[in-house]
Amino acid sequence: MIRLALLTSLLVCTVTPALGQPPLRWGGDSEGGAPFVEADPADPSTMVGFDVEIAEHIAAQLGRPARFVQIAYASLDQSARRGDFDIGLSGIEDSAGRRASVAASVPYYEFREVITVREGDRDRFRSLADLRGRRVATLGGTMAYDLLLQAERDDGITAVSYDDDVHPYSDLLLGRVDAVLLDHVLAERAMRRNTGLVTHPEAVAVGHYIIIAAPEQTALRDRVDDILRAAMRDGTLERIFRKWGCWNEDQPALYARVLGAAATDPSATAPAGVPPGTVGRAWEALPRYLPSLLSAAVVTLVLSCAAMLLAVVLGVLIATGRVYGDPVTRAVLTVYVEVMRGTPVLLQLFVIYYGLAGVVRLPAFIAALVGLGLNYAAYESEIYRSALEAVPRGQLEAARVLGLTPLQTLRLVRAPQAFRLALAPMTNDFVALLKDSSLVSVLTVVELTKQTQIFATNIGSWLVPGLLCALLYLAMSLPLSHLARRLEDRWKVATP
Amino acid sequence: MIRLALLTSLLVCTVTPALGQPPLRWGGDSEGGAPFVEADPADPSTMVGFDVEIAEHIAAQLGRPARFVQIAYASLDQSARRGDFDIGLSGIEDSAGRRASVAASVPYYEFREVITVREGDRDRFRSLADLRGRRVATLGGTMAYDLLLQAERDDGITAVSYDDDVHPYSDLLLGRVDAVLLDHVLAERAMRRNTGLVTHPEAVAVGHYIIIAAPEQTALRDRVDDILRAAMRDGTLERIFRKWGCWNEDQPALYARVLGAAATDPSATAPAGVPPGTVGRAWEALPRYLPSLLSAAVVTLVLSCAAMLLAVVLGVLIATGRVYGDPVTRAVLTVYVEVMRGTPVLLQLFVIYYGLAGVVRLPAFIAALVGLGLNYAAYESEIYRSALEAVPRGQLEAARVLGLTPLQTLRLVRAPQAFRLALAPMTNDFVALLKDSSLVSVLTVVELTKQTQIFATNIGSWLVPGLLCALLYLAMSLPLSHLARRLEDRWKVATP
Amino acid sequence: MSATLRVRGLRLWRGDRQILAGIDLDASPGEVVALMGLSGSGKTTILRILAGLERADAGDIQVPKAGMVFQYHYLFEHLTAMENVCLAPMYVQRQTRAQAEARAGELLGELGVGHRADALPRELSGGEAQRVAIARALAVDPPLLLLDEPTASLDPARRNDLGDALKALAASGRTLLLTSHDDDFVRDFASRVVILAGGRMVEQGDPRQVLEYAQHEETRELLQVERQRKLGR
Amino acid sequence: MSATLRVRGLRLWRGDRQILAGIDLDASPGEVVALMGLSGSGKTTILRILAGLERADAGDIQVPKAGMVFQYHYLFEHLTAMENVCLAPMYVQRQTRAQAEARAGELLGELGVGHRADALPRELSGGEAQRVAIARALAVDPPLLLLDEPTASLDPARRNDLGDALKALAASGRTLLLTSHDDDFVRDFASRVVILAGGRMVEQGDPRQVLEYAQHEETRELLQVERQRKLGR
C-alpha cells in the first residue's frame, strides 16, 4: 500500500516538469539504506526513502525533473562544493562546521541521539556517565561519534567507531561493546533486527537533518527553504514521515521553531544539543581527535620498541649462531632468515594470530609484538652478521692470542666494533618498524595509522589527519635518528 | 501491489508453524540485494526477495518458523559446514566444487551469463572472443569470474574482478573496462540503472541457483528437494519468480529436466555451461589463478627492481652530498632523509599520485615507482653514508697524497670498500621492498599481494593463495640473497 | 705443559709457493731466540703457526701457551691503551680491575708510554702503539712469548729498554722467540739467532758468532757483510 | 712551485700537550734529509703536516707537491699490489694502463716484490707491503717525497737497496725527507740529519758528524751513545 503512494509521487515527478528544464541532480548515498535512501528492491533503478520523496517534492515544486546521483556519505560535502549535484540530502546532520563550508537549508527533521544497551544492563547503564570505563560504539563521522569523543574526556568511556550501523549493535549483543549511541531512527531499525537489546528513550542530544548545496548556491538554497517551509505548513512533510514510520511529536515543535524564526537567520535553527562546530572542518575537529591519536601513537611506540627489542635480542642470537655455529645450526638459521625475510609479515601475523590459535591463543597485542619481532629479527640478524664479519681479522687474532674465549671475544671486542657498523641500518629498521607496525591493525590492534583512518573517515578528509599522522611518526623517529647519529659521531673518533 | 503479496506470504509463515517446532534458520546475504534477499526498506527488520519467499515457503512446508541469518556471501559455504544455519539460499551458484563440500539441492533457477557493452560497441563486441586484448569486468567469486579467467587464456582478454555488481557497469560507462560478464538477473538490474549500455541476449554460459545445507544434512536436503519439486509442479516457484520479474522461458525447461531426472542422481542436474570443479576447492582453482598470480609477481618484481634502482642512485647521491657537501647541502639532505624515512610511504604515495595531480598527472605505475624510489632512497642513503664513514681514514689519506681528487677517491677507493659494508643492509632493503611494493595497490596497481587478495576473495579462502603468495615472494628474494651472499664471500678475502 | 718449544719439519705452501720447507726449531726457558731472514722469508708465518693462528701443512709442534706481539700492533681500536692492557688480565686471569690496572700502569711506565694510558690506539704514534702492544702481551705473562719485529718502530733508546726487559723476562724462566731485522739488537740481547732462507733454517748459534762470522752465503747476503766490509764497519 | 721545502716556526698542540714547539726546516732538491728523534717526538706529525693531512696551529710552510709513504703502509685493501701502484699514474697522470703497468713492474722489481704483484695487501708480509707502498709513492714521481720509517720492516739487504734507490732519486733533482730510527741507514744514505727533541730541532748536519760526535745531551740519549761506548761499538 505504501508502494502505491510512492508510485504516485514518482508519477508526479516524471509528468509535471516543464519540457526543456534541466534536471535537478540530487545527491545521496543509497548505502545509507532505508528509511533515508535506498534502491527499490522491486526495481533497483529507482530509489525509495523519505529523503527520496522530499527530493522529488522539491524537484516537482521547482518544475524540474529529479535525477539521483550516488555519492558516498562521507564525500557529500566535498561533492557539494565540487558541484557534483544541485542539492544533497541523505540524513545529513546539521552542524556549524557544515554550515560554514556549504549552503545549508533549514532543518527538516529532528532526531534524538539515544543509548542502546543489552537488556540485562537496562538499569545499570542509563547515561554516558554510567558507562565510565566501558566501550561505547557508534557510526563514524556522525554527531554521535563527536559526542562519544567528548564523553571519552568527560565520562571516561572508550569510543569505538564503526563504518556501518549494523555491527555496533551486533557487537553489543556479543558483549564486545557495552552500549551504542546512535540516532533514534537507526536505533529503532536495529531494535527490530535484534532481540535482547533495549533503547533508553531519553535523548543524549538532539540533532537535525538538513539539505546542502554548493556554497555559492544560496539562491537555490533559499528556494529549497521556501519549499520546505511550505511542506511543513501544508502537511507534505508530515505525510512523508508518517509513511516511513518516522513521524513523532518532536517534528511539529521543530516546524514551529523553523516557521517562527527569521528566514534570514539560519543560525537560529542550528542544532540544539551539540556545541557549534563539533562536526566540521578538520582543524576544528583536531582537538577532539588529538587525545585518541596521541594514545594510538603510544601504542605504536610501545609496540615498536618492544618488537624491536625482541628483534635485536633474537637477531644477535641468530647472527652469533650464523657466525660461530656448526654447519647444521648455520643452515637452520639461514633458512629461518630467508623465510622470515622473504615472506610478507602480514601473512606471518595471520599465522601467529589465527593459525596458531589452536595451539596457543595469543592476545592481539602480544601476537603483534611477537610477529613483528620474529620478522624483524631476520633482518637484524643479517645486519649483525655482516657487521660482525666486517670486524678486521687482526682484532680477533689479538683477542685469541690473549686467551679470550670466543664468547668473550664476541662480547668484548667483536660486538662493540660491529655495533658501530650496524647502527645506521638498525636505526633505519627501527624507523621503518614504526610505520610497519601499522600492519598489526589486521589483528584488531588500534595504532596510529588505524586511528588516523578512523579520524579521516569521521571527518571525511585525509588532509589534516594524514599530516598529523606523519608528524606524529616523525616525532617518534627523529629523537631516535638523533641519538643514533650522536652515537656514531662519538664512535667515529675510534676509526683507525 | 506486490507488497501486498509479500505481506500475505509473511503472514503465512508466521501463522502456520506448529508451536514448539524449532525455527528453520536460513542463511543469506542481504547485501546481495534485490531481487534475491534484501531488507525491506519500509521495515528493515524483515527481508524481501525471491530467495526470501522460497525460504519461507520451505519453512512453511516443513511446519517450522523461518528465521533469517545474515551471512556474508563469500562465507556461505563455510557457514553451512559450521552449521550456522540449516539451509542457505541467496543466489548461490551450482558448481561441482560446492557439491563436493556441502549438501546441495536440485537447481531451482537457471540463469544465463551475458555480455554487456557500451552501445557504441554493440556490433564490435558480441562474444568474449571479440574482446581479445580488452578488459572485461565481473563480480569476484562467481562462475562469471571463472569464465573470464578461462577466457584470459583462451581469448586473450584481461579479467577484472570487482567486489560488487555496481562498479563493473559504471566503469564500463567510463571506459575503464570494455565489457561486463554477469548473470542476466544482475545485468538487467544494471540496464535499468544505466543508460548507454546494451546487453547481448546470447548466453555465454548457463548456471543454476541451488540451496545448500551442511554436508551431513542429506535428509533435510532431500526434504528440500521434494518441496522444490512440488513447488515446480504446482506453480509456486513460477508465481514467486513472476512477482519478482525473473520468470522466463528457461525455467519450465529446467523444471522439466529436474522433475524428469532420477531424484537420486544429483549430478544429472549439475550446471551445463561450466566444466565441473571450476568453482571449488582452492587447489583445484590454482591452475586458473596461477597465470594471473605470476604476472602480478612480474609487476612486483619489475616495480621493485626499478624502484630499488632509483633508490640506489638517489641514495648514493644523497650519501655523497651528506659526506662531502657543504653545511647547507648537508642540512637540506638530512631533512629530506628524516622526513622521507620518518613518515609513512603510503602517505607519500598519496601525495605523489593525488596531491601532485594538479601539477603533473603521473600514471599509477610511474607514481608507484617514484614514490617507493624516493622513500627507499632515504633509507639507502643512510646505509651508504654510514658505510662511507666506516672506511678507514688511512685509505683516504693514501688516496689524497697520491693526488686523487675527492671524486676519484670516492669512486676508486671509498665506494668500493663501503659497498661491501652496505651490501647486507641493502639486500635487506631490497627484500623488504618486494613486500612493501604491495602498498602501491592503493594507486590501483595490481601486484602480487593485490592479486592474492582477489584470488582469496574469489575462492573464499586465504590458505592456498597465502601460501602461494609467500612462495612467490620467496622465489623472488632467494636468488637475490644468494647473489649478495656470494658477493660478500668474494670480498671477505679482502678484509685486512 | 712445559715452557719448552719444539718444532720439527714444519712445512707450508701458499698456492704453489712453498713458504716453509721443513723448519726445525727448539727453545727452552731462559732463552731469547731471534729469527732473522730476508723480508718475506716466513718469519711472521712461523710465529703465527706457533700462536695457533695458522695451520701448517705438515710438521710436528710442541708449544706451550703463547702470547704474541704482532708486527702490526692490532690494538683493540675501541679501547684505550690502559684498557687494552687490562682486558686479558681481567677477563682471562680474573684479576680485579684495580690489580690489572696497577700492573698495566707499571708495564706502560717501564716501556715509556705511561703518559699515553688514556689514549685510543689511533691517537698513538707508531712506536707508542708498538710498546702498548708489548705491554698487553706481557701483562698476561705467558710461558712463551712471540714477538714479531718488536723493535721496528722503536728508537735506539727504547730498543735497549725493551731488550733489557726481555732479557729479564727470560732470566725469570720464560721462553722468548722474536723476529728482527736489527742485527745490533739481536747481537746485544738474543741468546741465540736462527737464520732463515728459502724456507729453511740455514744457520743458528750465538749471535756474536753467527752475525760476525757468517758461514753461509745466505746469511752473508742477508747481513750485507761484503758491503759493510767495504764501508769499513 | 720550486721543489724546495721551507718550514718556519711550526707549532702544534694536542689537547694540552705541545707536540711541536717551533720547528724550522729546509730541504733542497738533491738532498736526502733524515729526521730522527725519540718515539713520540713528532716526526710523523711533521710529515703529515707537510703532506697536507694535518693542520699546524702556527707556522709558515712552503712545500711543493709531496708524495708520502706512511709508517703503516695504507695500501688500498681492495686492490692488488700492481693495481695499488698503477692507480695514481692512471687516474692522476692519465697514463694508459700499459704505460702505468710497465713502470709499476719496473719499480716493484727494483724493490724486490715483482713476484707479489698480483697479491692483495693482506697477503703480503710486512716488508713486502712496505715496499709496495714505496713503489706506489715513487710511481707518481713527486718533486718532494716524504717517507715515514721506510726501513722499519726491511732486512739489511732491502734497506741498502732502498737507500741506493733514494740516493739516485735525490741525484735526479728530487727532494727527500724521511724519518728513521736506524742510525746505520741514516749514516749511509742521508745527506743531512735533523735531530728532534722536546718538539724542537736540537741539532742538524752531516750524519757522520752528528751521529758520531753528538753535541747535545738529547742526541746522545737518543743514540744511546754511552751504552754503545760501554759495549765497545
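A, B, C and D label the chains in the order they appear, each numbered from 1.
Note that a contact is a pair of C-beta atoms (placed from the backbone, for glycine too) under 8 Å apart; a residue touches a chain by one contact, two chains touch by 3 or more.
Note that the coordinates shown come from a computational prediction; the quantities given were computed from them, not determined experimentally.
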{"item": "Any chain in contact with chain C as well as chain D", "value": "none"}
{"item": "Intercentroid distance (Cα basis), chain C paired with chain A, Å", "value": "73"}
{"item": "Mean-CA-position distance for chain B and chain A (Å)", "value": "23"}
{"item": "Per-residue overlap in chain B, given as positions that touch at least 2 other chains", "value": "394, 495-496"}
{"item": "Where chain C touches two or more other chains, by residue", "value": "72"}
{"item": "Chain contact topology (line, ring, star, complete or other)", "value": "ring"}
{"item": "Pairs of chains found to touch, sorted by chain label", "value": "A-B, A-C, B-D, C-D"}
{"item": "Residues on chain A engaged by chain C in the complex (per definition of touch)", "value": "394-395, 397-404, 408, 412-413, 416-417, 420, 491, 493-496"}
{"item": "Partner chain B, residues of chain D touching it in the complex", "value": "51-53, 65-68, 70, 72, 74-78, 87-88, 91-92, 120-122, 136-137, 140"}
{"item": "Residue numbers on chain B that touch chain A, as the complex places them", "value": "1-4, 33-35, 38-45, 48-49, 189, 192-193, 244-245, 338-339, 341-347, 350, 379, 382-383, 385-387, 389-390, 392-394, 420-421, 423-425, 427-429, 431-432, 435, 438, 449, 462, 466, 469-470, 473-474, 476-478, 481, 488, 492, 495-496"}
{"item": "Residues of chain C that touch chain D when the two form their complex", "value": "14, 36-40, 44, 71-72, 112-113, 116, 123, 125-128, 131, 148-149, 152-160, 181-184, 188, 221-224, 227, 231, 233"}
